[in-house]
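I'd like to ask you about the structure that follows.
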Amino acid sequence: MTLKTPQQYVDSIEKLKPKVFIAGERVENIVEHPNIKPVINAVAKTYEMALDPRYEDFGMATSHLTGEKISRWSHVPQSIDDLGKRRQMNVVMAQKIGGCNYRCAGTEALQVLAASTYDMDQKLGTEYSKRFNSFLRYMQENDLTADMPQTDAKGDRTKRPLEQEDPDLYLHVVEKRSDGIVVRGAKLHQVGPMACHEHIVAPPLIPLRKGEEDYALSFAIPNGTEGLTYICQYGPIEAERKAAESIGELGIPEYGSLLTAMLVFDDVFVPWERVFMCGEVEFTLGILNRLGSMHNMLCRGSCKVGLMDLVIGAAQTIAEYNGISRAAHVIDKVTEMLRVRETTEACAQAAVQNGKEDPIGSGVYFPDLMFSLAASLNTHYGFSQVALLAADLAGGAVVTMPSERELQNPETSQYVKKYLKGVASVPTENRMRMLKFLQHWAAGPQVAAVYDEGSLQVSLNAMRASAVAALEEKKKLAKELAGVKE
Amino acid sequence: MTLKTPQQYVDSIEKLKPKVFIAGERVENIVEHPNIKPVINAVAKTYEMALDPRYEDFGMATSHLTGEKISRWSHVPQSIDDLGKRRQMNVVMAQKIGGCNYRCAGTEALQVLAASTYDMDQKLGTEYSKRFNSFLRYMQENDLTADMPQTDAKGDRTKRPLEQEDPDLYLHVVEKRSDGIVVRGAKLHQVGPMACHEHIVAPPLIPLRKGEEDYALSFAIPNGTEGLTYICQYGPIEAERKAAESIGELGIPEYGSLLTAMLVFDDVFVPWERVFMCGEVEFTLGILNRLGSMHNMLCRGSCKVGLMDLVIGAAQTIAEYNGISRAAHVIDKVTEMLRVRETTEACAQAAVQNGKEDPIGSGVYFPDLMFSLAASLNTHYGFSQVALLAADLAGGAVVTMPSERELQNPETSQYVKKYLKGVASVPTENRMRMLKFLQHWAAGPQVAAVYDEGSLQVSLNAMRASAVAALEEKKKLAKELAGVKE
Amino acid sequence: MTLKTPQQYVDSIEKLKPKVFIAGERVENIVEHPNIKPVINAVAKTYEMALDPRYEDFGMATSHLTGEKISRWSHVPQSIDDLGKRRQMNVVMAQKIGGCNYRCAGTEALQVLAASTYDMDQKLGTEYSKRFNSFLRYMQENDLTADMPQTDAKGDRTKRPLEQEDPDLYLHVVEKRSDGIVVRGAKLHQVGPMACHEHIVAPPLIPLRKGEEDYALSFAIPNGTEGLTYICQYGPIEAERKAAESIGELGIPEYGSLLTAMLVFDDVFVPWERVFMCGEVEFTLGILNRLGSMHNMLCRGSCKVGLMDLVIGAAQTIAEYNGISRAAHVIDKVTEMLRVRETTEACAQAAVQNGKEDPIGSGVYFPDLMFSLAASLNTHYGFSQVALLAADLAGGAVVTMPSERELQNPETSQYVKKYLKGVASVPTENRMRMLKFLQHWAAGPQVAAVYDEGSLQVSLNAMRASAVAALEEKKKLAKELAGVKE
Amino acid sequence: MTLKTPQQYVDSIEKLKPKVFIAGERVENIVEHPNIKPVINAVAKTYEMALDPRYEDFGMATSHLTGEKISRWSHVPQSIDDLGKRRQMNVVMAQKIGGCNYRCAGTEALQVLAASTYDMDQKLGTEYSKRFNSFLRYMQENDLTADMPQTDAKGDRTKRPLEQEDPDLYLHVVEKRSDGIVVRGAKLHQVGPMACHEHIVAPPLIPLRKGEEDYALSFAIPNGTEGLTYICQYGPIEAERKAAESIGELGIPEYGSLLTAMLVFDDVFVPWERVFMCGEVEFTLGILNRLGSMHNMLCRGSCKVGLMDLVIGAAQTIAEYNGISRAAHVIDKVTEMLRVRETTEACAQAAVQNGKEDPIGSGVYFPDLMFSLAASLNTHYGFSQVALLAADLAGGAVVTMPSERELQNPETSQYVKKYLKGVASVPTENRMRMLKFLQHWAAGPQVAAVYDEGSLQVSLNAMRASAVAALEEKKKLAKELAGVKE
């Protein structure tokens, strides 16, 4: 067992020199840049957690390849118990960092490819599985972190990849060589790609069809590979952090929220031993379904439950600071937040508990798709409601509060301390801190937390599609009881 | 193992002669009365199911008292597996009869009293547990059915039992004798009490306080005991059934929906060996919490999931009969129904999976209270929405359809068959049948299905009360991350 | 001025002998039949109201044809003030009878045809307008009541009239003769057709196209015309009323809720002077839009506001009878009901206030379509919520209460009076009466009240279609402010 | 008529030297500071609009004091027509600047004080009205702008002003002198106070009681008066603007969103001729009710309708840019946005149309309170839903988009232009611009737009309180129909 310490992780990333841009400028040192540091901090925290004896029960796992103790972050689930521990890890991480851990997608990629490469090999006689297992062993032995670039640029959303004016709007092969392939395109909305060791690229978010073979691609390349450019998101939250005098004045000082980047592949070379799918369009649907069942459970239904704990806890705290926590309407609102939170966790737990081994025999376990989707939809509808209710409990100051810098300004600090006080027993500094924390959720990126993993309609469509047989069964039950004879 | 057949059950009930009234009249033969027959049918179905080899896995259980094979309907859960099978049984029953099985409350009563009598004996040195176990053995050995009268008349809802003008508005002891007690009062909203063998009376739905000892009562008496009067509910659904020329013209011909009665105790004598609580006010809260965790999981979160299957199946069928099942808005509505259904089942499953042995050591298992309440609230908000969506898919005819008797009337049958036709391939008779079935849900007792097990606020209050510690934990998490130091 | 008294109206209807069926039987005397009497009572109430000096301000109007004082129920709106008074009349009627007044559709038909016949004459040189005005004058001078059969049988909802296997699934001309036309088909969901003097038939609820001329039909025929058959709806509410020992035991004793019938046209002859459209497919859309603007304002946005007043009033009363009216959650629920009610009325008022003369110059006024649709959608979403909230305040007894006949039964009356009591100061009889009234709304036909005037999707589609230009305008505003230059 | 031009307004503000702080620093030149300039721009736009012939119909009014033509922004409504034009002005302003116009509260203050000072004089024989009219004339003749500081610091929300540990948590008189009064305290959440000429201070948001005379205060003082300190809000949106290289990269370049400040009164002197209330606690409720009726109509129900137009327009535009505008779910979402918007406008219109002269005879008109509150609640529930739906149509890029600065960066501009393209016909620059505009609403201050004018509960409480008589009336209607005789 050679797990990395947080510092070893940071050092290993500092050596890579990806071409990262933010706010129109090249980032010189990704480890020190104010907007990228929180990403590094979050991933470092995952390394810390794996080594923390308090979390040993779920932080570590046993590799099915080597039998060695490894970090659960690079483990492929072999049982319902594995799925449950992975779920638990996500809840705890979200509670600790208040945002993305930047590693879910990478672990999902490992899990899905373990099953899908096995699937292809069984049916097509390919050797993807062998290549993939060798990559997986490399990941586990070196305790590396990965992300999973997946969402293409897509252009006109009504058009298939080949119907677009620009063929590069979906990532595709532009050249096949004896030693590998050359790819071109871009993957968007990618969470923290500059902070991982490897990019495990997945095929597009739509099932591909015959004729679209050049787009049916999966492969792994190291962060910083020649031809890659990383263009980061930049909005108010990033601007505020970039301009901050001290991180202490920000909503979540150390970890911030979520930093994504557009990852551009400008004729990037990938050696064959790192290619895990190339042209097998009929297997892209399988990848999507496997990802759907894991991602909705893990990211929507578990991570967000941990975030809701923070929002609920902050809302209850601010209600107490304001002196209103016993008012009937406050109790009602907190209860509604709790209902949303418990409901979402229940869906994720049911998804795990009804999980199954992938039917093709790879030994990889996946959660139940329907319950995963229910978790996802409840988060979608519920998370923003939780944030809005929290805003209501915080009151107008969650928006109108001045900067905490005023606390250091001799001309204004006395006024701020005097007039932003809530109940007499709580120092104004604490009330301001909690308001700023809530501002992060209720007056800011709450939409981001819900919307950055695929639109509502994707989940709705998926649920309906998964229910074909279930609907037939329900119809039968109704007809039987109604006495309809057909 | 001496399980009753359905016919043996019916025969055993026919012998009892409870004083039952409906629509202002005394019921002479409860087994043949049109409004009571569906109740008998539903309970008979539970006996049929216990004997059905298809349901053997969950229909039967092993008594922890005798080690004998018994019907699960009189088993006290000894493990999470037991809770799960009990849950499954309720879902299947609801799918088969489209309404109340009339036995949940009775099995909950057995489970709760097994724990609560043990609890009292441990702490007070009483002998309730021995009495109760002897009663339980009697129930199991004779394969009997019970209900659980619980809701008192309550009068002025802002007043405690002793503050009411009429002390009988909560059931209470009026005399203690050497051989037993005499009780007076009424229990309302009781589901199918005339169709069971035993009434297991529970204390009121509010935790009692010192001074209210006369109201802290639990005991069992046979159906038809001297002094008992059963006054049945009577509304449009009951009137329609009573006036029907044939049950085939009703929404759910054999089982109907839900028949309740007010059970009046006019100085009823109960022998001491059937008294399981008498005056121990401090243990009434424990009974409520135990009931809450089981009832919300079982009745709200499992039975209603089975009912939703029927409503969803009927809605999808009628959409197909109407030719609209591929319209985008229809797919959206069905998907939303599925989301509600899956969410509720997930909560019930999570309640079971996180179930625990009662902490006092009785060996009895209960589901997790928070997840049970989440199931209950999701049903409360969701079930009527599911019914309304179904109505929307059915269209106006779900309300305006003529009686199916017209199909036998030579003057109107040709018109009805011609003009109530949907898609050409489906006989009008089937479309009318399905519309009538949906009318039952969407234009009738859907509110009943939601509201007859306690009001919304009870669940909301319970959830909030259960969350005290959880809220503290969440506050801690938020403060830690926000950097609040207190 | 020769307005009918209520009794004169009843006498005039008694003379007609329509072939009416309900529950599989022919109705001999429509004026005395328990299910039809409430319809007669409701219409009689409209006659009473027109003569009532308290309502003179809006009950009467001045005919634009004759300058005579007439009942507003047969007036065609000539101004915004007319629209407003019509709105007000509907609110008051709903408050007084708790259900359909059975005359809205007829007055809408007069209004729409006044505009549409004028429109056709202007553009096609036809003489429909002259025929129609002569009919309108007849209606006004004899103070008659009409309904408007409109919804066809429709069969397979994905198919146009001529694509159906049975061409009669939409009402159509089967013969044109020198003296008139012969029509065949059926109109469904028709409110109270047996209680009016005239049927003013409207074309289908879809805009017709070239080739569908035989279906583009509007005409008027007297109730009871040869070839007409009326087949009434029959469900739990109707069964309960039919079987009642006294109307006093019903939710709304005198007026009940809503009785519809399927109106079958089996080769019915219509003389040319009563034909107002025959083949002009391009004018059917105009009829739909005119109806949409008036009907959604009048029936959804005004009648339902009056009904909500009753439900809110009953909910508040039962809360007081139960002693809970000062609980915070009760106040919250009543406030939410009020919000829904005020919102819906605001939309209806805005529809009236933004009303306009029909652009073709007929002088007829119509409300604003967008605000009418907003009223309709708010009713659609809100009415059932109001009913469910009322059920929550009433508690389980709204479903489980016994018949009020028990109050006359010496064996049960004392028990019922004793145990269904709420606060001590209110007689149990009053509490039971109010519960029964609420049962009507909350455990019964509330879905009917929402769904019998067209499905949700119709309104949604209509709103979207009406907003084409508005959307363009909004886009322009956004682009301008965002600085998008195209 | 001597209306100010926009430039004259800016010049007049530049001369004032208020002590303004933001982000911990003193603002030297308020007219040039990046965070304050948008406020100045918005107010300047109100001056431009008053002079714009296109808006003449509602931009100008006739003073009831002088009979002169004046800007409607300083006019006191004398009729329903005045209320309607004021409403219209707010909608148009919101459509043009996409945020607060910073003048509503000031005009509300003039309107309310015109009535309340008259009220006090009538009942108490004071001379407030004369003082106030002389101030109003000064405002009108010099075409000045005002704000209305109203929300106090409040401290412990369960405590009255005098129960607070610090008596200054509500603004109060600390000294009464022969020439005026000295006041201390702070007013929070004040919109744009540094950009107006006058502050018209209102009493607290709770009705005051006997003994709290020192807090019953209303007066006017010029911006920049000695003793005043302005501490501005500072969050992500402000940080982004402060750090912007060019305003073109911001969501709404010229006007931004909403800038508030905390206004500290450190022993500020107010001469008696500027004092409009001092100690008359029994008149504070009247001020609150008058404000409630106008503010909810004007700010919640009209301004927000204009903002919704922008969000809906942007959502429809981005759907078209993405190529998805014809998808059924997109049409459904846009329709739902329209329903919310039309509903809110209807409520505001109904509030105006049912407006009345203040009953005390001052001649001042106010909108109907119930409909104003309905507008407010619909905005409260609906605005965030509109924003969330817009986010859903925009897709993940609304959060993850890079800075538009990248378009100027030779290393990234080609990638951004290539891969952020939607449909081929739309330049990427336009799509990015529209995404950034939507980010402003959907991933940012949408909560602010809803929450900065008082919490949900305030409106809920107000609606319930206004409905006492209406509820009685509804109860009467229900009892009459149910046949309840009391």
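Just so it is clear, A, B, C and D label the chains in written order, and each chain counts residues from 1 on its own.
Methods note: contacts are C-beta pairs under 8 Å (C-beta built on N, C-alpha and C of every residue); 3 or more make two chains touch, one makes a residue touch a chain.
Note that the coordinates shown come from a computational prediction; the quantities given were computed from them, not determined experimentally.
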Selected interface, A-C versus B-C, where C-beta contact pairs are more numerous: B-C
Gap in Å, rounded to a whole number, between the CA centres of chain C and chain A: 52
Chain B and chain C, separation of their C-alpha mean positions in angstrom: 38
Residues of chain A engaged with two or more neighbouring chains: 329, 332, 460
Graph class of chain-chain contacts, one of line, ring, star, complete, other: complete
Residues on chain A engaged by chain B in the complex (per definition of touch): 95-98, 248, 251-253, 255, 309-314, 316-317, 331-332, 334-335, 338-339, 342-343, 345-347, 349-351, 353-354, 370-371, 373-375, 377-378, 426, 430, 433-434, 436-437, 460, 463-464, 467, 470-471, 473-479, 481-486
Complex contact set, residues of chain B against chain C: 19, 21-26, 151, 153, 155-159, 164-166, 168-169, 185-186, 188-189, 229, 231-237, 239-240, 242-245, 258, 260, 262, 264, 266, 322-324, 327, 329, 384, 387-388, 391-392, 395-403, 405-406, 408-409, 411-412, 415-416, 418-424, 439, 442-445, 447-448, 450-452, 454-457, 460
Chain B to chain D touching residues, read off their complex: 328-329, 332
